[in-house]
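Have a look at these structures, which come just after this line.
Note that chain A is present in both complexes that follow, paired respectively with chain B and with chain C.
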Partner chain A sequence: MATVLIEDLTKVYPPTINNPKQVQALGGLSMSITGNVFVAVVGPSGSGKTTLLNIVAGVELPTSGSVRALQEGVPARVGYVFQEPRLLPWRTVVDNMLYVQDRKSDRSRREAEFYLQMVGLGDVADLYPSQLSGGMQQRVGIARAFLVNPDVLLLDEPFSHLDALTGRSLRDYLQRIWLQSRKTALFVTHDVTEAVELADRIVMLRPGGVTYDDISIDLPRPRRHGDPAVRDIQDEVLRRFDAMGAAVRFGAEGV
Partner chain B sequence: MGAPQDLGGFGPFDVRPTAEGATIRERLLRSPPFIGLLALALLLLIWQWIAWVNTRVPGIDEIVRFMVTEMSGGSHGGALTGEFWAPLATSMQRYAVGLAIGVPIGAALGLLIGAFRWARGLFNDTVLVLLALPAVVWAFLAALWFGLSAWGPILAVVLTVVPFMAVNLSAGVRNIEPGLIQMSRSFDVPFGRRFVHLLFGGSLPSGFTGLRLAFMTGWNSLLIVEWFGATSGVGWRARFWYDALRYPGFVGWIFLFVILITLLDRLLLSPLERRAFRWNQQPTLTFEEEL
Partner chain C sequence: MSTVSTVTPGSVSELSARELRRAAWSRWGYRLSVVAGWVVFVGVWYLVARLVLTPQQLPQPHVVAVEAWDVLRLREFGGNFQASILRVAAGFLLALLLSVGLGLLIAYSRWWRRLLGRVLQFVVSIPTVSFAVLSLIVLGISPMGPILNTMIVATPYITTNLAQGLTGVDRRLIVMSESFGRTRAQIIVGVLIPSSLLSILGGARLAFAVAWRVALLTEIFASADGIGLQIRRSFESYDIQGMLAWALLFIVIMLLIENLVLRQVERRLSRWRTPATGVAP
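So, the complex of A and B:
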């Protein structure tokens, strides 16, 4: 069983030429995730969501505090779905999958193809990313994250660059594939709708990267877009954000 | 892209958005090889005209006749006989050896400079100095160091090729999208695989630019070194006829040089480049399509 322990996590970016003031992305964030749950971290821009995932993935170091992602006491294997597909344009789809895979064998190619089929892309293995649409590339990104058999799945607003319809169909894919594996998932988004549709728990951040609120969602899956129960929780989350005075930052998005 | 619109009265700069539905004649007139041939024909015509008004410039017919005599080993008058294959083979051999040494060294250096800060500190300035030095300096230095042996021209090719490969490949590595590097790190992709697929794959476009430049400048400096410091090869032969005031020979050998380098680019590098870039399926916009 995977555990993610985040204790008093602070990240301050030093001043740069473009931004002469130092920026505090996370300011003493603490939370813990245990077991096969899907946790959404929701917050407006500047609440340190991406920074949090980068630190959990080990690609950025915290200024202070600690993050431990463990699987049975040893460092957990992480699968990351980024905002953009981040595929090597000069490699075919299947080679992009194998690039992150541990072993190189027929079996890993079969596994890669299996996950591609799971996201509805069984026939594109030998195409190059430029031959796919943005939504298809993002689906490859999702399949790639599942291929490494991660203990912890990190998702950084993976649908934010897609149009609403494509985003919705990808959420369905994600939900379906997640239900089969039930990996510990940490999903950051600024979109309350997708958070409520996907997550067992929503952690709300406020600007400056501090936890504001924590909501559990106990709705049956798969959840459908527009379902009244989903809508009720959405309203509740937005009401709490309103109380924080941060709703203006969302604009119409996610409502 | 839809069907071509009927734009009515065409002005001199109006073009149809696509070649779809264009007649064979229209397509031919717009095809790059045809335009290239047209440009070549025009150039030769201008050359011939200059030769006609200025007697110091040899005409194309003279050049061709001279080179045919060179190739057939016939007599140029007096004791001078044609010589073609030996100088050509000598130069090609030096060129090939120089490239075989210089290209891998330059590529490795470029990847190192692009990927590691210590390598940048260590080699970057040296490479820039190499890049800034004109080939003629290598010609004199090589002649000083090696006398008139084959190593002078080879060294000159190596020293010209290395910085072009290094500068372009290092720029290529540094232009790799940071998001891809972050992705590789988050998935713990091992170094070897990262080197081959990310670093090498990502710097291939600049690598090809470097290779093309290296092929051209390498050939250039080979000729210059042979001109000043060799007793064989294409450069030496061109100078031989220059010193003998036989301009058709001099210009003929220079032409040969241009033709060879063009053939090398078209027949070897271009197909290789197309193969390496088959992943880039997005059609390149031509000027008229952008309009």
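So, the complex of A and C:
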């Protein structure tokens, strides 16, 4: 069972030529995730969502505080789905999948093809990314993250660059594949609708990277877009979001 | 009144067929224009040789062609060509090795970029004949002259393109690789080299085109064998036909290497740049 422990996490970016002021992306964030849950981190731009995922993935270092992603006491294996597909354009789809695999064998190729089939792309394994649409490329990105058999799955607004219909269809793919694997997932988004459709728990961040609210979503899966129960919770989360906006605007500590 | 257009599978395949036909015509048009270019070149040569100059100044194309055939059969073309091509290859290989080091310095160090950028600009602007003369003064008649000159002239082109390729690497792909636990060596082999490979090849092709001309020029001045020496000997004995024949054969072979080998390698390595097919999401 995977655990992600985030303690008093702060990230401050130093001034640059383009931005002469230092920027605080995360300001003492603490949270813990235990077990096979899908956690959505929701917040406006500048609330440090992507920074949080990068630190959990180990590609950025915190200014202070700590992050530990563990699986049975050892460092957890991480699978990352980015905002853009980030595929290597000179490799075919299946070779892109195999790039993140430690061992290249017939078995790993079969596994790659299995996950491609899971996202409905079984017949494009030998095409290059430039031959796929944006939605298909993002599905490859999702399949690639699952291929490494991650203990912790990180998703950074994976549908934000897609049109609404494609985004919805990809959410269905993600939900289906996650239900089969039940990985610990940390999903960053600014879209409350998709957060409620996918998550067991929503952590709301406010600008400056501080937790504002922590909401449990207890709804059966698979959840459907437009389902009345889903819509009710979306309305409630949006109401809290508006309240947070007002609180931030008026400098209040909370609502 | 509004109109509604319907796209049926049949009309899509008709459209594709039309586009394929257009692409085929475009390919044939390109080939025809290449042939037409050569025909015009030979035609102008023929007219100038016939009407403007004497045969001692410029022999007609067919005379040079017959002489070239004789050179191929009777005058040790193979041995001289081997000597020249090996020097070009050795100089080119040295330039590649040197460019990897210099390209890495320029790509990843601002200080080195400033320093070497100016030096490389300076080297590119030196007339190539200066290298030939200089190698004669410094090295005398030596096979090292063409090799070193090829290396010096080719290096700036390959280095600049290599550095551009490395600095143009998509940083997000490196972050992706790191997030999936790829090692530094895996990132170099899997991301850095492939993403700068086309840029390097472009530079190499350009460098090759300049390098063999310099090698030939240096051989004319300072070599004990090779095609360049044969051109000089023909010139010294007023054998203008032989001079043109030797030069023509070497140029044709170099152009074939440039176009049939280097360009094909480049085309093969850029296969992935196929346009989007417009398939459903």
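One rule holds in what follows: the second predicted complex is superposed on the first by the 245 of 255 C-alpha atoms of A that agree within 3 Å, B and C clash if a C-alpha of one lies under 4 Å from a C-alpha of the other, contacts with A are read in each partner's own complex, and residues count from 1 in each chain.
FYI, contacts are C-beta pairs under 8 Å (C-beta built on N, C-alpha and C of every residue); 3 or more make two chains touch, one makes a residue touch a chain.
Owing to the predicted nature of the structure, the values given are computational and were not obtained by experimental measurement.
Trainee: Mind checking chain B and chain C on superposed chain A, clash or fit?
Mentor: Aligned on chain A, chain C clashes with chain B.
Trainee: Figure out whether A:133 sits in contact with chain B (first) or chain C (second), or with both, or with neither.
Mentor: Second partner only.
Trainee: Quick one: chain B or chain C, who's touching more of chain A?
Mentor: Counted on chain A, the partner with more touching residues turns out to be C.
Trainee: Can A:162 be said to touch chain B (first), chain C (second), both, or neither?
Mentor: second
Trainee: With the two complexes superposed on chain A, say which partner A:84 touches: chain B (first), chain C (second), both, or neither.
Mentor: It touches chain B and chain C both.
Trainee: One more residue to check, A:57. First (chain B), second (chain C), both or neither?
Mentor: Both: A:57 reaches chain B and chain C.
Trainee: After overlaying the two complexes on chain A, where does the chain B footprint on chain A coincide with the chain C footprint?
Mentor: 54, 57-59, 77-80, 82, 84, 86, 88-91, 99-100, 128-131, 148, 154
Trainee: Looking at the complex, which residues from chain B come into contact with chain A?
Mentor: Residues of chain B touching chain A: 177, 179-180, 182-189, 193, 197-198, 201-202, 204, 278-282.
Trainee: Which residues of chain A touch chain B once you look at their complex with the stated criterion?
Mentor: Listed in rising order, the residues are 54, 57-59, 77-80, 82, 84, 86, 88-92, 95, 99-100, 128-131, 148, 154.
Trainee: For chain C, which residues count as touching chain A in their complex?
Mentor: Chain C residues touching chain A: 172-173, 175-182, 190-191, 194-195, 197, 269, 271-281.
Trainee: So in the complex, the part of chain A that touches chain C is made up of which residues?
Mentor: Listed in rising order, the residues are 54, 57-59, 77-80, 82, 84, 86, 88-91, 99-100, 128-136, 148, 154, 162, 165-166, 169.
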